[in-house]
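What follows is a set of notes on a single structure, which appears directly below.
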Amino acid sequence: MKEEIIVSGRMNSMIDPTLHIWHWQIPLYLFLGGMAAGILCFAALYYLRGREKEYLTAVRVAPFLAPILLVIGLLALFADLRHRMYFWQLYANIRMQSPMSWGAWTLMVITPVSFIWSALHIRDIFPEWNWRYKWLFNLEVFFNRHKTALAWIMLIFGLILGIYTGILLSAFNARPLWNTSILGPLFLASGLSAGAATIIFLSKDPAERKQFAKIDLAIIGIELFLIIHMFMGYLASSQVQIEAARMFLGGEYTASFWIFVVILGLIIPALLEILELRKYHIPAVVSPLLVIFGSFMLRFIIVYAGQMSRYLY
Amino acid sequence: MTSRREFIRISFLGAGALALGTGGCRIFGTDRLPGGITDPENGKGRIPTYCELCFWKCAGWVYKTPEGDIWKIVGNDDDQHCNGRLCPRGTGGTGMYYDGDRLKRPLIRTSQRGKQVFREAEWDEALAYIAVRMKKISSEYGPESMALFTHGSGSSNFINLFRAYGSANIAEPSYAQCRGPRDEAFIATFGEEVYSPEITDIRDTRCLVLIGSHIGENMHNSQVQEMSDAIDKGAVIITVDPRFSTAAGKSKYWLPIKPATDMALLLAWMHEIIYNDYYDRKYVEKYCLGFDQLKAHVRDFTPEWAHGITTIAPDIIRKTAREMANASPAVLVHPGRHVTWYGDDTQRSRAIAILNALLGSWGRRGGFYRPARYELPSPVLPAYPEPSRTWADLFPGKYPGAGLPVTNALIDGSIPENNPAYPIKGWIVNACNLMLTVPDQAKTIKAIQNLDLVVAVDTMPMEITGWADVVLPECTYLERYDVLRTNPHRKPAIALRMPAAEPMYDTRPGYRIARELALKLDLEPWFPFEKQEDLLDWQLKQAGLSLDELKKTGVKNFERENDDIYIGDDEEVEFPTDSGKIELYSSYYEQMGFDPLPKYTPHEEPPEGYYRLIYGRAPMHTFSRTSNNPNLTDLMDENSVWVNPKVAKEWGMVNDQYIRLKNQDDVVSEFPVKVRVTERIRWDSVYMVHGFGHAQKQMKRCFGKGASDTQLITRIMTDPVMGGTGMRGNFVTFITEKAGKEAES
Amino acid sequence: MRYAMAADTLKCVGCSDCVVACQAENKVPIGYCRDWIVEVTDGTYPVLEMEIRSERCNHCVNAPCVRCCPTGASRYIEGGIVVVVPDKCIGCGACIASCPYDARYPHPAGYVDKCTFCAHRIKKGMDPACVAVCPTKCLYFGDLHDPNSDVSQVLRKRKHKTLVPEAGTDPQLYFLI
């Protein structure tokens, strides 16, 4: 028998016996960020492709959620900090090697952009809207004139944000579970999928819903592919990664991951969407809600399980 | 049986007063420096002390923060006991001072609506209470009916008090529960004991043999340091232990002996060494007496014979004997320290002494060095009254080989049914926690129930204080002066302890407690100095030294008068035995009716389903005294019971599962204890660290944590020579169902 | 200059003195620690082997904790020592998650704390507190670029290993085996 124990009673709270430095705030932040990124990317994409009129929900309505999601996400991030009075230090430094840093800066760019985008379309929601000050009118005019540039910024930073939510974790190769390059694309896909689902959920236009159901189906297919590859990668890798994978293959995260993320969050909504595309009547809200729920669970489970996987002891 | 006292744990009246001073567990502020490095090294000055976390008494420095808080304790570089490095307990000594659960005020037992509780009292009242009862005991039964149990550096104050009062019934648990058998055996053989710190020359040994001594877990400081030095120098280490001790992990040979059979191994080694002519012939011929008898005695004790008893393979016994011979005389068969195991401990220690004599290691480099002590002048006091009776008169003829009073004899003498020649009616218990220190708790409790007075002087609300009529809170060693440390060592030395802080709460130094009690007993002439420091000052002045000087250095080493640390070639030596020789054959023991040469006697083995309970030390704790120390509980807050994986499987036990233990007399451990499944223990034994399983609620950190080995040691194998309490003849089984994780009250 | 430490797993007795000494020296609050002891026993009774390791931050040459810190609070100082500047640290925990050795902990004051190699002591020419206290003298510290430093000498003489080298951090805490 091999016995490996810490005999000096190490009990650093939040590190021992397993790491639990990140609680609900971080996965929530990643989820909201990912979803907002998805929404903003689609909005920018369809605007740039000149399809604003056809995809009104995608370009104009859904983005109203983005600033809300981002602000809540930022608040969650802030809530997670332990030395909050020094929060400003995040914006006193640019650290290119730190995903956390460029995530913070990306948010710094995309959050105001999302506010501006919403402001440009505020009359879609409140037709009577009037800016109280003259300079706000002028600003609106200014941004409307440069809307294409704005959309490009939104698209690029939306993609960065989406990837960032995945890369943040995979940058930590100290946690064998996170130490896979698949996590970035997977989280990006999951964010886009949640964004598409939001649009489906909000849209009243059958054509738009159909288009996004197709997109969502494709993304779900990609996600399933990535998940399978991720596990094949773990199992073909070092002992610690095999052990990390075991948490999902018989270990304590098996049921929650396969039921909530894969079956409820991916396979069932995919089936429902296929049926819907084949003109079966399915309540419109079920599948997008499941997708959003699955995307949310994916972050939670990966963040929590990752903190249980380690190299030593 | 008059149940005068039921066991009531201290409950305080006037809880309001308790709100004061929650010293322990504080989070220090952090000073920040540019560059992100915190610099705690900003203390001012340092105060000399020597450590009281165990009896090695390492000298160190107390550092304080600029705010005046005690910050850290660091070893004194000049000190031979520690060489500038304290052990974990000594380093964590600050926790003793900051422990918010400390005793804070004198307490007197009261009866209140049928319930016996304690109330806080003024010092004057508490001391007067004691004085009245001591005077009464003296006049009714004689002063010898008062017994003192004491341990540690504060002992001298109370010993002086007792001698002045007229009683020499002064016992330390470090004798009959610890080193007594060893010291008697070495005195019988070499005429001299091995002292504390032991005069073992581990630093220069080429072969170190450890019979159970688990150095490394037994953290007696310079021994651990020297063992490490010896490893560096390539010394061979042979460890005999049924458990894979830390020392065993560092040994070339680990002999996983069947417990209780060491004597057979020792005899076989003697056989090998004698019959292969491995012994130091010149040394034996010149200095030893009784070689021929020994040779005849061990003729049949072959390795094959020992194999059947010890389970150690004959060729290993041969090989290890040769290793010792190769290193001789720089070989050290360590005498151990806590040796009260199986009741024949004096004889086992004799075997160890004899083995050392055969190898010529006594008085030789790498064996045992000859110690030197600094003799400090003591003030001339009036002669003590001659006690008409001593502990030995309680039960005449018992323990004839005991050179010091036996704790358990004094306890027996407190129980009328035992028909002692005279009764013990009162105890003062200073700095020893008898409930966890002396086995057979039921007997100790019975004794207490027959007493007229029990006083406990302690720093913590330990179990013994719960049984006292009066509890006197002493301040910790960091808050007081104490006697100058003059233990013998390679070089004579003295070390100073002085207060690093004022006594917290309403606590007082032992000297002051003893002196003020003496005043109330009209014994002032024996306490001519008002304060401890006045005495130290006087002593140092007499020696041509000064207290102020010593405050600056903490330790003062002196050169030896003669260059005599080892026996010189061809030196004529007169050993302080009756014969002036090293007595391999002990006529003295023969006269007393004991075996003149050690013999192997088999000991009882655990019955089916039971396992031998063995115990030892964890490096970060000292007995029961540190279990509540915040710094040290941080490292280890409960003990576990070590179980071999085979046994665990048989019982369906898993790591970290809580169980209870039940011994052969159906005593069940009061608190649940965690299982540690480990290959480090034999399948016929279980192992526990001594000092846990505290039942005293006032100690919040350690209450109910782990199990107490003492509670399960109800069968005692008493050493007929000197009264040592052999504690390893107890067997336990497991209660795995409903062990209850939560400690119950 | 390149500071490094070596811990002798054969002489260490696992007493944890290095842990208490560090806590005292650096005022690490009770309940937290910057170093810790791992005991490994391998084999079947009575054929057993034991390795005892005194572990702490490895002051990695390629430190992920420094890389992932968004504010620069985690940084290298002279001699390759990795430290946290409390006043720059936002307590985001990224560095904790990034350390394969779990060598960091969130200090109750909010910032993240870890072993500093006792930079405040070595600046004064003293050994780190854990090295200075160790009763078995089994910890060696010094400058790897100085061939005469304790740590250089012992690494030349003895076989050694590092922990989790596959994490690619280039750790500078060596274990003598």
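A, B and C are the chain letters, set down in written order, and residue numbers restart from 1 in every chain.
Keep in mind that, in the parts below, a residue touches a chain if its C-beta (ideal position, glycine included) is under 8 Å from a C-beta of that chain, and two chains touch if they have at least 3 such contacts.
Please read these numbers as outputs of a predicted model, since none were measured by experiment.
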item	value
Pair exhibiting more inter-chain C-beta contacts, B-C or A-B	B-C
Chain occupying the most central position, where position means C-alpha average	C
For subunit B paired with subunit C, centre-to-centre distance based on mean C-alpha positions, whole Å	35
Approximate Å spacing (C-alpha centroids) for the pair subunit A, subunit B	63
Subunit B residues counted as touching two or more neighbouring chains	620, 634-635, 678-680
Contacts with 2+ other chains: residues of subunit C	14, 16, 19, 31, 33, 41, 43-44, 73, 86-88, 109
Shared interface positions of subunit A, touching two or more other chains	1, 3, 7-9
Parts of subunit A lying in touch with subunit B, wherever the complex brings them together	1, 3, 7-9
Subunit B residues within the subunit A interface of the complex	620, 634-637, 645, 677-680
Subunit C residues touching subunit A - in the complex, by the definition given at the top	14, 16, 19, 31-33, 35-44, 64, 67-73, 86-94, 96-102, 104-106, 109-112, 163-164, 166-168
Residues of subunit B defined as touching subunit C within the complex	25-30, 32-33, 35-41, 71-75, 84-88, 91-92, 94, 216-217, 219, 221, 224-225, 227-229, 231-232, 244, 246-250, 254, 256, 619-620, 630-632, 634-635, 644, 678-683
Touch list for subunit A against partner subunit C, complex	1-16, 19, 21-22, 77, 80-87, 89-90, 92-93, 95, 97-101, 103-104, 171-175, 238, 307, 310-313
